[in-house]
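In the two complexes that follow, chain A is the common piece, with chain B as its partner first and chain C second.
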Partner chain A sequence: MRDIPLSRAAPLAAALLALALAPLLAGAFHLRFLAEILLLGTAVMSLDLLVGLGGLVTLGHAALFGTAAYAAAIAALHLGGNLFLVLGAGTGAALLMAALMGVAIMRSSHLFLLILTLLLGQVAWEVAFHWREVTGGADGLRGLPPLSLGPWRLDGPRALFLLSGGLALAAYLLARSFADAPIGRALVGAREQPLRMSALGYSIPRIRFRAMLAAGGIAGAAGSLYPFLNLYVGPQSVHWSLSATMIIMLVIGGVGSLWGAFLGSAIYLALQTYVSAYTDRWQLFVGLVFVLIVLLLPRGLAGGLTGGLAGSLAGVLSRRGRP
Partner chain B sequence: MGYAIVQTLNALSFSALLLLTGLGLSVVLSLMNFVNLAHGGFYLLGSYVAVLWLGSGAPWWLAFPAAFLAAGLAGAVLERFPFRRFYARPHLMQVLLTYGLSVIMADLMRWGFGAQILTPELPAALQGVVFLFDMPFPLYRLFLIGAGVALGLLLWLLLDRTLWGAVLRAAVTDRGIVETLGIDTRHLFAAVLVLSAGLGGLSGALGAGMLAAYPGLDEEVLILALVTVVVGGLGSFGGTVAGALVVGFALTFSKVWFPEFANVVAFSAMAGFLLLRPNGLIAPPLRQI
Partner chain C sequence: MSALLEISGIGKSFGAVRVLSGISLAVSEGETLGLIGPNGAGKTTLFNVVTGFLRADAGQVRFAGAPVDRLPPAERAARGLVRTFQKAMVFPALSLRESLAMAARQRAGQGLRWLGARACHQESAARVERLLAESGLARHGGERMADLSYGEQRIADLLMALALEPRLLLLDEPTAGLSQAEAERLLGIVRRHDARTAIVLIAHDIDIVFNHCDRIAVMHLGQLLRTGTPQAVRQDAAVRAAYLGSLAD
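Let's turn to the complex of A and B:
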């Protein structure tokens, strides 16, 4: 059996402990807020697979997340809120969307990829916004039935939090194993040395397609639970500005470190929620924080933290190791 | 017949606006390899300056140089810090930095100019309609087409036919050699960025008569300008012209033919262009990897 290094097991244990303690300590509002952080963080983490590993900067990630949200909401409206049905419908729709997008981005890179994903995402938004009979248009869909699992109704803040936490944890482990698997390594290789990778016989379009599918599946799972936090889904969840927000969260947290995505989404949403209570200028705040991080910590808070912590830990250990 | 001509002119006037905005973006992108997502902010700043100027009673035609100067000044400030440090960085870092700055600019403008929609009071000379084949057509849009063609030509002459343009293109190709000739390339690149920002402001002033000015317009314009530059193909003047025509015509005629799902059709068409030609309409032949 492969040993799990301490540096990886310790944060995981801490995360589990936090997940277990939060329902006992936090109130209803904060549990819902934490659930939102976890779901958006999961989507941002899946974006990190594309941006951090593959260098594929996409502005269409909200289309995957939002398509899943709409598919899950529509399935719940017509067939009831069974958890597995909702998750299946949302993830399936997102995988379909990711397959479309994956085919589209096979040959594009850099700015072309950015614009192509933006255009495709906006097509999805236009459909969600104008197809009133199915998506409710600008009003979105309200009155969703609560999630259920067999005889249990999962509509309390505690249940929603635990559900989101479980999903985030499972998604993290999945993303981690994707990054460590040959396909994840190949994705990094395709970013760093595309010419050598194709000379070695790798098909870069195929690697990109699979990465897009993996990211779409994870974002879709998070997106399919998202409408049930507030029993509402609206067209903003598909709009490209949510894609841009996800990129901001990713950069604040740290591109390339999967768990940084949760940190970034927590900081962004906390700024949005708490600063906007004091001033209308919270976007100015977010912009300033973002620019400062790009200027001072190009690897994000996660990179800054691990860099600093690992540095001091290494210092302590080497001192102790000396005779 | 008259209807088709009027719609074509509509598309052309929109293309002219896209061309001017896109050129500002494409000049820094092609000459300095710098992606400036704050360009939408320069555009909106120009729009606000023009709206305030036209409402103030000062000579109307000075609104356009005023917008150019205001946006150019903002560009000069931002060029000194932090743009200058990012010229040599990868595109991703430039995109992130300038997007963050555009968020800050957008919120500062919302603070300063308010959140309502501001429409300029057009001078009498630009108001009214002309009749083409018995169809009314706003005079302002004809003015826009003329201004777009004239400014586009002027910029092309400046970059392609003057000594300054030659020095600039030489500095892009080999900065070191140009510096050994005793030319300060830092000033040169700063001038290009100021020119680009000023162009953004000027196109904002021209566009205000057609699109008005409101928070959020900066992002809409930025997206369209980016699509224009990218669909056309990076790094060439002709590419931006082609991109502006494609985007302008796609958006205008999809509204005529498919009013319900206009943007779906237009965006799909643009995405289709990018799928068929992943490096833009007019692109130097590159090896595909």
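Let's turn to the complex of A and C:
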């Protein structure tokens, strides 16, 4: 059996413990809040596949997440809230959007990639905002039926939390397997030495396309469940500013760690939820945290935590080793 | 012996500057061809055209009997037309073993696998360990490429190319910056790996080229000045005047 490094096992164990304890300790509001962190965190983690592994900074990720949210909501409104139907419709729509975006970014990088994804994201937003008959326009879609699985309704905070937790965990394991698989290593290679990768026989466009599909699928699964937290989806969920927010969450949590995405989402949403109760200028605090993280913890909270944990353990072990 | 690589009438200009003009050359299986000439002669540009990193303005490149002019670099590499670059291009964040495995997996057609990845790792591992053992770098297998010495990075770069099991290997100044002993070690690894592999070697170290190559092609100002055995090239008056000078003595 393969050894799992401490930097991966410790957060995974902590996450499993938190998932098990939260339904026993948290109230309805906090369970919904945690579910939102888990779903947005999953989308941010999928962005980490592109940014952290591939160096592909995109401003179109909200388009994947939001397209899935709309597709799931529309499917639920017309066909009911069956969990698998909703997940299938949302993830399928996100995969289609990812394929479109993947084709567009196959041969571009850096600033051009940023602008291309921004433009594609804006196209998705225009559709959501102006196609009133289908998307509800600026008002979005309300009155969604609750999620269900056979005879069980999944609309209580505990059920939504457990569903979001299960999806986040499955998505993390999937993303981790992607990062460790040949395709994940090839994505890192394409980021570091694209010319050398071409000379080794790798098609850089094909690597980018597949990475976009993987990220789109995971973001889409998270986006599929997102409207059912508040039984609403609006055009803000496909707007480019949500993509920028996801990048901020990722930098705060730690680019390249995958699990840091959940920390970044938690910090951002906590500031948004709690600080905004006292002041409208809560984004100033987000900016402050962002600057501090960039200056003091360039590898984000995840890098700081694993570095600190590893340092502490090394310190304890070296003290034990002394006569 | 039939030619593995056939280049005919290759021309290339950058704006008004003509860097390659009417280059025709053939390389046979198992042959080692030295490509020499002063800086700016067009040697690396020729490599770029042959491997698909640049498109020629004129002429044709055929590999293993088929034209490859319209193929991108990755597809040429997949057919066995493999190159290294003037600078060692390694992957700083990956270990030596990971980097070699990446090349070995691509050779096996598994470079972009996601599911069933563990089987891929096992299949490529044996080839990687053989290369590490052959090169004497086995103890550095787990080290990040960024942490290897310059000489080790150059060997690692070469090993990545060898992991693809090339039919033709184009080496662009692989010994630049290496000591004589390191250079001999590097070229020894190439020759021991597979005698059927054809090699085109660009190097400025004349001793290395004359000692290791079956034939030598001399380029000057974008043209092919002479092609022949090391002895014939060494004696050629035009080659001595354009490039070798007193180095030939």
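Of note:
Basically, the second predicted complex is superposed on the first by the 310 of 323 C-alpha atoms of A that agree within 3 Å, B and C clash if a C-alpha of one lies under 4 Å from a C-alpha of the other, contacts with A are read in each partner's own complex, and residues count from 1 in each chain.
Going forward, a contact is a pair of C-beta atoms (placed from the backbone, for glycine too) under 8 Å apart; a residue touches a chain by one contact, two chains touch by 3 or more.
Every value quoted in this text rests on a predicted model; they were computed, and no experiment measured them.
In the superposed model, A:119 makes contact with chain B only, not with chain C. Contacts of A:202 after superposition: chain C is touched, whereas chain B is not reached. Of the two partner chains placed by superposition, only chain C is touched by A:192; chain B is not.
In the superposed pair of complexes, A:15 makes contact with neither chain B nor chain C.
In the superposition on chain A, no contact is made by A:213 with either chain B or chain C. Of the two partner chains, neither chain B nor chain C is touched by A:305. Touch criterion met: A:182 reaches chain C, while chain B stays clear of it. More residues of chain A lie in touch with B than with the remaining chain of the pair chain B and chain C.
With both structures placed on the common chain, the touch criterion links A:100 to neither chain B nor chain C. In the superposition on chain A, A:26 makes contact with neither chain B nor chain C. Shared interface residues of chain A (contacting chain B in one complex, chain C in the other): 195, 198, 204. Contact residues on chain A toward chain B in their complex (touch as defined above): 51, 55, 57, 104, 107-108, 110-112, 114-116, 118-120, 122-123, 126-127, 130, 194-195, 198, 204, 240-241, 244, 247-248, 251, 281, 283-284, 286-288, 290-291, 294-295, 298. Only residues 177-178, 180-186, 188-189, 192-193, 195-196, 198-204, 206-207, 210, 214 of chain A touch chain C when the two sit together in their complex.
The part of chain C that touches chain A in the complex is made up of residues 51, 53, 72-75, 77-78, 82-85, 89-94, 98-99, 101-103, 105-107, 110-115, 117, 120, 160-161, 164. Residue ranges on chain B touching chain A, taken from their complex, read 35, 82, 91-93, 95-97, 99-101, 103-104, 106-108, 111, 219, 223, 226-227, 230-231, 234, 260-261, 263-264, 267-268, 270-271, 274-275, 278-280, 288-289.
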